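Two complexes are shown next, each including chain A; its partner changes from chain B in the first to chain C in the second.
So, the complex of A and B:
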């Protein structure tokens, strides 16, 4: 029953999914935190930019963003992200870019909700010590905020893991693309779907459990 | 706006903020200018490429509007089918009987864990192999099936959160006047929780609308994104077509989002409801939503009636 699996490299496809998730996750965490900092900053133009970015990007389908990064950025503008002629590397990097830019909007909202959970007294005390905005944010507020948003950030990460399948739309050789190929060639529809469903459960379930446990442990008890 | 993070600005801070604002504005303008020159270098700013979208109605009536109609049809159908299904599973997860509760939880968690695209690809192949749905109609069926399976399980969680958000007194009062469990659910809990979770339902629609685009990219479903593809090759205009389609999606979803937050504000104000509102973020803090458990002694709930 499982004979046909030898013709396909399942692990390689899921490894690609993991790589997409990790790189886009790191990128969106950095960019999302920056956006959150902008949204709470005393500079009006930055606040305005952060709000506009989040509202615009959140409302565009990820598929549109990913397809645009391939057809628009790569084909029309020739942006290859340093991959040169290597098409596989280029589509991978474009997919990471698209996934990161999209996920950052959700990371930003999660981090911002975390900033709101920090008691006003903390920031007031920090200001009374003479700390500047960036010091208050970086030393006092963000460290506490991050510990309280591990739960929401885990949900963003799990959504990102599932969203990496969209990269199949521009031909990144990850799980969903392999599934489509397998399903068209083999007559084992239910078995193949079950295998891929299982693969995603294996990827997302431990993430949720481990980070959920971590979030409960690290949350600042108030 | 004063905030936790900074004081109301004094003269020096004001000056600094203006300076930073200007600096950031220059950065944004540089970015825009770069995009603008890149576009004009590649000939994407020529009027010929924009004319079909802005000045002619033909591109809209032939491509975009039918695409948008399909997007809305798939999203609407998925919502209408997924709602009762989700309500069923949400209630089943709250059942007193373990043999109902556990399988329902398993189904909901399973479909929430799988990417929608996998479900759509599966449904597409399933319909092609086992049913005689015509090739033209199949993508629509597949997209709606995938969306229903995924969103019904998400809606089940919303329904569960909505019912759990109602004060315990509602169930107790229903029991006290002798209603059975089914009656309590259908005539007391459900009607109230529906109003409570209306905002969350509307914002789930945004997710559904966005996910229809998957069918356009992977299953040749002729929704908005796919209609863009056909139109873009017909008019030989790539970037403008993406911008137009993105704007349509943004406007549509912003309308839905603002409807959701308007509903949320209205519900919070309204005296008729129990005051419970399940916002879009309901799923993220599901554990914390439930009513406070009444602990052994009459701790916080007596509130001085003693």
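So, the complex of A and C:
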């Protein structure tokens, strides 16, 4: 029943999924945190930009973002992100860019909700000590905020893991693309779908368990 | 009290859905035995082969299916067309959603385990669509070129594994996303079955801009997919296909759908004769 699996490199495809998740995850964490900082900053232009970015990007379907990054950025504007003529590297980077830009909007909102859990007195005390805005945020507020939003961020990460399947739309050789190939060749819709569903459970369940445990341990008890 | 209300509502919904599904299956039985309607699976997005347009359905697969349906005793007006994307074809047949499928459906051993095939009714080859001024004479010329195909398709896999492993393969969801890249130079060639490519090249807006390279990279034997074990239907369809070739309707359909692209078609295949 499973003998056809020998012809396919499942591990390589899921490894690509993991790589997409990790790179897009790091990118979105950095960019999302910056966006959150903008949204709580005292400068109106930055607040406006942060709000506009989050509200626009998270309401665009991910498929549209990913396909635009390939058809629009690469084909029309010739932006290859330093990959030159290597199409595989280029589509991978474009997919990371698209996924990261999209996920950052959700990271931003999670981090902002974390910032809201930090009592105002903390920031006021820090300001009273003479710390600047970036010091207040970086030394006092964000460390506490992050410890309380590990749970929500885990959800974002798990959603990102599953969202990587959209990268198949521009031909990144990850799990969903292999699934399409296998269905095309083998005519075994349910069996193949079940295998890939199981693969994603293997990826996301441990992520949820480990980070959930970590979130409980690190949460600031108030 | 509240719980009872919920239960009652749930029961009502359940009862409704049961009657609704019962109606549905009754309808279907009528179609099958009464001989009034027939549901046929085709592609909706392949010009020349199976295409849904504002004025109806066109393409070679549609013409073949219409002819076969006529031989089975259904008028053109009795046909209900249903879209069967590649991933959905076997399940649609197994569930009985469609009577048969004519949707650029290549006969292969894995598929034969799940469904039966009548035909073949057309021998197509994987080929390239290139800009009219381009010169590509063999498969290995593709190494280093940018090539576009549809995600997961057999054609894309063939390029990666056999024809030109060093080609730069772009994969998109549909051929329509590829074809503009061909015009703008973002890709050098588009690859899939020549029948589908001929359909694209023949479209009004692309006439004269693109041509088929004529490489014959693989053999694709298009068959009509039917439910496993329905040998009576298989015989009927095979007879219909033979008749279609004999009375020249087959040639007319080829000329009408692929002709404008200068497509050099293979002669009509013999029933059961699969070219490897």
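Basically, the second predicted complex is superposed on the first by the 222 of 222 C-alpha atoms of A that agree within 3 Å, B and C clash if a C-alpha of one lies under 4 Å from a C-alpha of the other, contacts with A are read in each partner's own complex, and residues count from 1 in each chain.
Just so we're on the same page, contacts are C-beta pairs under 8 Å (C-beta built on N, C-alpha and C of every residue); 3 or more make two chains touch, one makes a residue touch a chain.
Here the structure is a predicted model, which is why all the values come from computation and not from measurement.
Undergrad: Clash or fit: chain B and chain C on chain A?
TA: Verdict on chain A: clash between chain B and chain C.
Undergrad: Under the stated touch criterion, which partner chain does A:60 make contact with: chain B (first), chain C (second), both, or neither?
TA: In the superposed model, A:60 contacts chain B only, not chain C.
Undergrad: Scan A:189 for contacts with chain B and chain C and give back first, second, both or neither.
TA: both
Undergrad: Is chain A touched at more residues by chain B or by chain C?
TA: Between chain B and chain C, B touches the greater number of residues in chain A.
Undergrad: Regarding the shared-chain residue A:171, is it in contact with chain B (first), chain C (second), both, or neither?
TA: So A:171 only meets chain C here.
Undergrad: Is A:181 touching anything from chain B or chain C once the two structures are fitted on A? First, second, both or neither.
TA: Second partner only, chain C.
Undergrad: Considering only touches as defined above, state whether A:44 meets chain B (first), chain C (second), both or neither.
TA: first
Undergrad: Could you look at A:91 and tell me whether it touches chain B, chain C, both or neither (first, second, both, neither)?
TA: The second partner, chain C, only.
Undergrad: Looking at the overlay, what does A:144 touch: chain B (first), chain C (second), both, or neither?
TA: In the superposed model, A:144 contacts neither chain B nor chain C.
Undergrad: Considering only the touch criterion stated at the top, classify A:69 as touching first (chain B), second (chain C), both, or neither.
TA: Neither chain B nor chain C is touched by A:69.
Undergrad: When you line up both complexes on chain A, which piece of chain C, out of 55-63, 91-99 or 127-135, runs into chain B?
TA: 91-99
Undergrad: Quick check on the output: what are the common chain A residues between the chain B footprint and the chain C footprint?
TA: Common interface on chain A, chain B vs chain C: 67, 71, 75-76, 168-169, 179-180, 183-184, 189.
Undergrad: Which residues of chain A touch chain C in the complex?
TA: 4, 67, 70-71, 74-76, 85-88, 91, 168-171, 177, 179-181, 183-189
Undergrad: Inside the complex, what are the residues of chain A that reach chain B?
TA: Answer in residue numbers: 40-46, 49, 55-56, 58-64, 66-68, 71-72, 75-77, 113, 115, 118, 120, 123-124, 127, 133, 136-137, 141, 151-152, 155, 162-163, 165-166, 168-169, 175-176, 179-180, 183-184, 189, 193, 196-197, 200-201, 204-205.
Undergrad: Where on chain B is chain A touching in the complex?
TA: Going by the criterion above, the answer is residues 3-7, 9, 13, 17, 20-21, 24-25, 28, 38, 42, 44, 110, 113-118, 121-122, 125-126, 129, 206, 209-214, 216-218, 225, 238-239, 242, 245-246, 249-250, 252-254, 257, 281, 283-285.
Undergrad: Residues of chain C touching chain A in their complex?
TA: These residues of chain C touch chain A: 86-91, 108, 110-111, 113-115, 146, 151-154, 156-157, 168-173, 177, 180-181, 184, 186.
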